[in-house]
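Which chain is which? They are A, B, C, D and E, in the order written, and residues in each are numbered from 1.
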Amino acid sequence: MAVEPLLKGRGLVKRYGKVVALDHCDFDLYPGEILAVIGDNGAGKSTLIKAVSGAVVPDEGEIFLEGRKVHFTKPTEARAAGIETVYQTLAMSPALSIADNMFMGRELRKPGIMGSVLRQLDRPRMERFAREKLTELGLMTIQNINQAVETLSGGQRQGVAVARAAAFGSKVIILDEPTAALGVKESRRVLELILDVRSRGIPIILISHNMPHVFEVADRIHVHRLGRRLCVIRPQNHTMSDAVAYMTGARVPDTEFETA
Amino acid sequence: QEGTAACLITKTDTNPFFVKMKEGAEAKAAELGITLSSYAGKVDGDHESQVQAIETCIASGASGILIAASDTAAIVDSVQAARDAGLLVIALDTPLDPIDAADATFATDNFQAGLLIGQWAAATLGDAAADARIAMLDLSVAQPSVDVLRDQGFLTGFGIDTGDVNVIGDEEDPRIVGNDITSGNEEGGRRAMENLLAVNPDINVVYTINEPAAAGAYEALKAVGREADVLIVSVDGGCPGVQNVADGVIGATSQQYPLQMAALGIEAIAQYAADGTLPQPTEGKDFFDTGVTLITDAPVEGVESITSEEGKALCWG
Amino acid sequence: MSGTDNFEAVVQERRTEAVAEFHEDKTLIKRFQHALHTTPALVPMIVLIASIVLFGLLIGNRFFSAGTLTLILQQVQLVGIVAAAQTLVIMTAGIDLSVGAITVLCSVIMGQFAFRYGIPVPIAILCGLALGTALGTLNGWLVAVMKLPPFIVTLGTWQIILASNFLYSANETIRSQEIEAQAPLLQFFANTFKIGADENGRGGATFTYGVIFMILLVVVLAYALRQTAWGRHVYAVGDDPDAAQLSGVNVRGTLISVYALSGLICAFAGWALIGRIGSVSPTSGAELNIQSITAVVIGGISLFGGRGSIVGALFGALIVGVFSLGLRLLGADAQWTFFFIGVLIIVAVAVDQWIRKVAA
Amino acid sequence: MSGTDNFEAVVQERRTEAVAEFHEDKTLIKRFQHALHTTPALVPMIVLIASIVLFGLLIGNRFFSAGTLTLILQQVQLVGIVAAAQTLVIMTAGIDLSVGAITVLCSVIMGQFAFRYGIPVPIAILCGLALGTALGTLNGWLVAVMKLPPFIVTLGTWQIILASNFLYSANETIRSQEIEAQAPLLQFFANTFKIGADENGRGGATFTYGVIFMILLVVVLAYALRQTAWGRHVYAVGDDPDAAQLSGVNVRGTLISVYALSGLICAFAGWALIGRIGSVSPTSGAELNIQSITAVVIGGISLFGGRGSIVGALFGALIVGVFSLGLRLLGADAQWTFFFIGVLIIVAVAVDQWIRKVAA
Amino acid sequence: MAVEPLLKGRGLVKRYGKVVALDHCDFDLYPGEILAVIGDNGAGKSTLIKAVSGAVVPDEGEIFLEGRKVHFTKPTEARAAGIETVYQTLAMSPALSIADNMFMGRELRKPGIMGSVLRQLDRPRMERFAREKLTELGLMTIQNINQAVETLSGGQRQGVAVARAAAFGSKVIILDEPTAALGVKESRRVLELILDVRSRGIPIILISHNMPHVFEVADRIHVHRLGRRLCVIRPQNHTMSDAVAYMTGARVPDTEFETA
């Protein structure tokens, strides 16, 4: 492969006490692709993407973004570098409004002296933007953009989280089980959104236990097992049974990588 | 005297009165070559800490204890335990209940202290005393014995029927506008004064438990522009308080002598450790009265007093 | 099993639903319920007004005069200022038991620096403010970086600061008259302006600078909490610190800034304390932590963080002030005041809970 | 898309994996770490032993004697008993600020019922115990049924009970001599037995019945918490009340029982208080709530509920007792004692946190 | 239909403030069947089963168990009547052990005086039973039955919750999205368990968003929409597309009930 990976991890290790959640794990994401990450419960998928997005600092190993070595110690740093993540736990403040949550940590300030000296937030602008993004996504029928997130249903919350990532992610968007609690309709919308984002040229990492979804949208599938990358397969060349067999350890893959 | 140890246990170590008492004891102990350990309760009324302090003194092998008791009746058992263990126990400032629970008592007569300022206030007002408006600024809801003695002493001195002399606030006399508590500090003094002024803005006599409370009350009066036409009386005789008498903040205050109490106490313990002699009470009283003196720059007929200038020489911090 | 048909296709086309516009309920009662829900300070405000009316009816003119009502403001100024600091901390799901100790120590430092060492008064005041901020920062550091529970941290620093206060001050009081003569700036907050006073400057409404400072402080903090990013971060951290961290808030920085600001506000309270009591006394302010927490609680601010408003805390302080003075004017004993404030705490919270449930 | 094959069949046969047996790590350090993790009282125990050794070295025989060491037990008996009650409440993620007030009021009731109304002493004591239980139940009812936050409820009842105490007792102390003469049963907990005393009954180890009661209480509660269903329910309620409710725990009943039991224990503490100070004094025990919380916190019990052990609270109380007595014997000022206890609180919790992190 | 429903709900209503989560909902479960409940996010499925299992008390309506009217006000009462539920939130106490959690609210006491007077728990017996049930389920490889639940992975926790319900449910077992967060392997095990339980004659209510799973195991499917039962279909007679169309409102069913 001549193209350089956009995001690359090498030899990542993360231990939680006795548990080794990441065990010298490698990882590659190429420009413009949808990379699915699959694996058993507890295989370390969430830990991997947390390491990549700055939410945990790996004990060992290196991460490269566009070929340059990066070292994120906070999610804010990864976000500043253009990596947006929807975590499995959603990461929203229940008592705050949808607009507040969407702009958390990157609030817009009023122009002029009100913003620079008095640091006043530009509420109307943030609300307009949030409403736009949600409409664009068509993911839900939110009554009021100033509604507290805690009043939303699980599915609506997931929608807001995804909309936030899609709105701000400029280099990479990472989604950790975005459809786990969603109904059929809502899941479908999220998948469409993922394809949308890719069509804008932004690569996506998608963690999911839903094989049909993974095989439908992924360009490549990273199979994670026991804290490390077992292999990367292409959905065209393998059946879901193969993937499940690899990830559960029922079968050993022939090669670690395969070309299209 | 080498190796003699003594303990000083005060109600708190935050009230300047007890701080000075401690300083007096320390100075005398250093002079006599006695090792002194000091203990105190955390707040006024913290009885438990005093019990623990007595136990510590017994355990540490001291020869005697000087104690200003928070709860004069409740401490008696612990004091007895100390005396049983062979320690000399001297009550400072506040007599125990019963008074002979301690080997000796060096104290201010707090009732007398109240009485003096009461008499002074009545005499100063003269005929106007008959329709005075009095604010009583007491210490705390727990009504410790100093609180009761000074309050009731003042009323007696002023010529008001105190009802039950052991209870604050059961008086019927219409001249009393009300009682409020101050915690013995400026903040409480000011708040209590404001409250009582709201009840009756014509107050013209203010009794205060101590001089910080008096200072606070003065601030409240100043805020409504009435500082000039109200008599404030107080008890203690600390240097800031005496200065306040000189400055006209306080009309009169009853001065007591904590340094002397402490020094006398240490001497008694040294004496006891040396040859076992017990200190003797003042003639005609069941305790050694360290005396109380009225300080005012406006002396009145029939009440003995000294000036603030003289008081400053005797004041304690 | 009817197989593996592409059932998801059914929902694939329906992507056009617009975002429904929000339309408000228009009936009065619904609007009121909605307001209760979105404006947490409304319940304590109602309680405050009700208690003013109650005591006004019971006591009459003596209570219902400009002088008495502004007196309440003066009496609650310290608690109000400290309660503002406490609110900030409680908003982050913390608690600050050391507020009273910081207040007193800072007032002592200002006074002693000016009198004991002869440092110019403005610099002595700055030293006091700096010390308050430093102590707050220490609390914040222990909470945010060492990850110790706030209750325990401030239980510890409370004792440490209070002991330091007594050890340093040697229990010496600086008298009001001396301060007036040599360092009047220390009594800055005691300055007043009056409205409607008679020619001798008596009666009428009296506002001390301390009262005005308290009100300004609440206004500024309310603005900062509602209208700036920092305020949103404070709420987010109190709500769910992990979520806030993941969604890009600098949790550590926010927490430290909150505790540091709380310390600074307490130092200002220390300055205001000098204005209030005239003198510098190391034994003041012992009750401020319980009083400030009481005000916050009556003000309807959740001890679990993330909810409530700073204006509520001010109302809470005022409610306590109205009750204390009102009961005194009715001639109640001090014990009864404590009793009723205890009842008030429970009733206020129960009413708050109940209204929220009904309005939900 | 490689279609809709029956991919799930791949995993269908593998249903035979046995449950792996648990094998312990055998190295000493690992075992120690494991013990630290599973026995939360171990850290305070180590701190306790370390502080005894420390003061023993600093002070020598005067500290390291049977008399002094049992004196510490006597000095902490009240805090120890009340801390046991506090632990129960904190285990349910609550807090009880009213413990000290209940203790004092119950001791006053026992005394006044016996002396003021001449009720037979055993019945007066029963009345006191019943009152404590009733007050605890009231707290529990407000928390469990009215769903008010425990901090606020007990902040309120604390003031109410303390005010009632002063109002009812009229600040009267009942003197030790009278109790000894007329109602010695009130001083029951003051009885002692001695080990190794000389012929005059001096020196040696002295255990009052109060100390023995404290130890028995801790043993019984530790048993109840670990070995009975009720104990498991207390932990479950503290951990996650919603989950406990759904998984079949009577949350309301458990909470009320915990607060009621806490009230009863406080009433016993009130009885022990009479034994300890000899007399009945309405001003005692004001510091008990802060002291008991301090003991619980130093004992490594989480304020968030669901974790910790009652033995830890006893160790916490003993640590404070050792420090206080040790510092006093060293001749430190009272303010330095407060200072060091403040430091101790923070250090103890930081060490606890750190050990847990290392051992995790 | 001649058979009486084992569990029957009529006209159930539950309001949360302005939200009507259940709107005069009916409900029937017949002996020995697996009844799936499907519906959009927020349709009121969880509320329905909470009403049936005593976790919430409906504002209106009646519930019948084996023809007798029951009125559960607490989960314990429903459990005593033989209804075991695995809630969507799992309902476990993280700091307590697996065995403690399995027996929460129905602890076993030692025989003899230790149990009756001193009320001592019979730890060994509870542990033995818990271990047996987990082994039987083969659902996980738990190292230590005294491990705190918080140290388990999400999948393992779900396994323990399901094992608890299967072990104690004597009349009805209710599972609310038991496989939402589970991997392929783990979900499979849960489905097998459901079939196992039915083969013991105990009826099951299964809420799930996973259509293939629903159509694989369910005897009848209750389609829930806007807080009420829209229709009940049999998987033999309908496609997944039909079901999704009904539940999202894209199509209206012909009849409310159908026979096999």
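The definition used in the following text is that a contact is a pair of C-beta atoms (placed from the backbone, for glycine too) under 8 Å apart; a residue touches a chain by one contact, two chains touch by 3 or more.
According to UniProt, the chain labels map to these proteins: A, E = ATP-binding cassette domain-containing protein; C, D = ABC transporter permease.
Model, not experiment: these values are computed from the prediction.
Student: Going only through chains that touch each other, what is the minimum step count from chain A to chain B?
Tutor: The fewest touching-chain steps linking chain A to chain B number 2.
Student: Could you name all chains that are in contact with chain C (ABC transporter permease) and with chain E at the same time?
Tutor: Output, common partners of chain C (ABC transporter permease) and chain E: A, D.
Student: Quick one: which chain's Cα centre is the longest way from chain A's?
Tutor: B
Student: When the C-alpha atoms of chain A and chain C (ABC transporter permease) are each averaged to a single point, how far apart are the two points in Å?
Tutor: For chain A versus chain C (ABC transporter permease), the centre distance works out to 40 Å.
Student: Need the CA-centroid distance for the pair chain A / chain E, whole Å please.
Tutor: Here chain A and chain E have centroids separated by 32 Å.
Student: Compute the distance, rounded to whole Å, between the mean C-alpha positions of chain B and chain E.
Tutor: 73
Student: Check each residue of chain C (ABC transporter permease) and list the ones that touch at least two other chains.
Tutor: 4, 7-8, 10-11, 14, 166, 333, 335, 338
Student: Residues of chain A that contact two or more other chains, please.
Tutor: In chain A, the residues touching two or more other chains are 184-185, 187, 211, 244, 248.
Student: I need the residues of chain B touching at least two other chains; which ones are they?
Tutor: Residues 13, 43, 141 of chain B each touch two or more of the other chains.
Student: Go ahead and list every pair of chains that touch.
Tutor: Once each pair is checked, the touching ones are A-C, A-D, A-E, B-C, B-D, C-D, C-E, D-E.
Student: Hey, which residues of chain C (ABC transporter permease) end up touching chain A in the complex?
Tutor: Chain C (ABC transporter permease) reaches chain A through residues 7-8, 10-12, 14-22, 223, 227-230, 232-233, 235-236, 239-240, 242-250, 306-307.
Student: Would you mind writing out the residues of chain C (ABC transporter permease) in touch with chain E in their complex?
Tutor: 1-11, 14, 359-360
Student: Inside the complex, what are the residues of chain D (ABC transporter permease) that reach chain B?
Tutor: Listed in rising order, the residues of chain D (ABC transporter permease) that touch chain B are 62, 67-68, 71, 74-75, 78, 163, 166, 170-171, 173-177, 202, 276-287, 324-325, 328-329, 331, 333-335, 338.
Student: With touch defined as at the start, can you tell me which chain A residues reach chain E in the complex?
Tutor: Chain A reaches chain E through residues 39-43, 153-156, 177, 180-187, 209, 211, 244, 247-248.
Student: Could you list, by residue number, the parts of chain D (ABC transporter permease) that touch chain C (ABC transporter permease) in their complex?
Tutor: Touch residues, chain D (ABC transporter permease) against chain C (ABC transporter permease): 4, 142, 146-149, 151-153, 155-164, 166-167, 290, 293-294, 297, 302-304, 333, 335-336, 338-339, 341-346, 349-350, 353.
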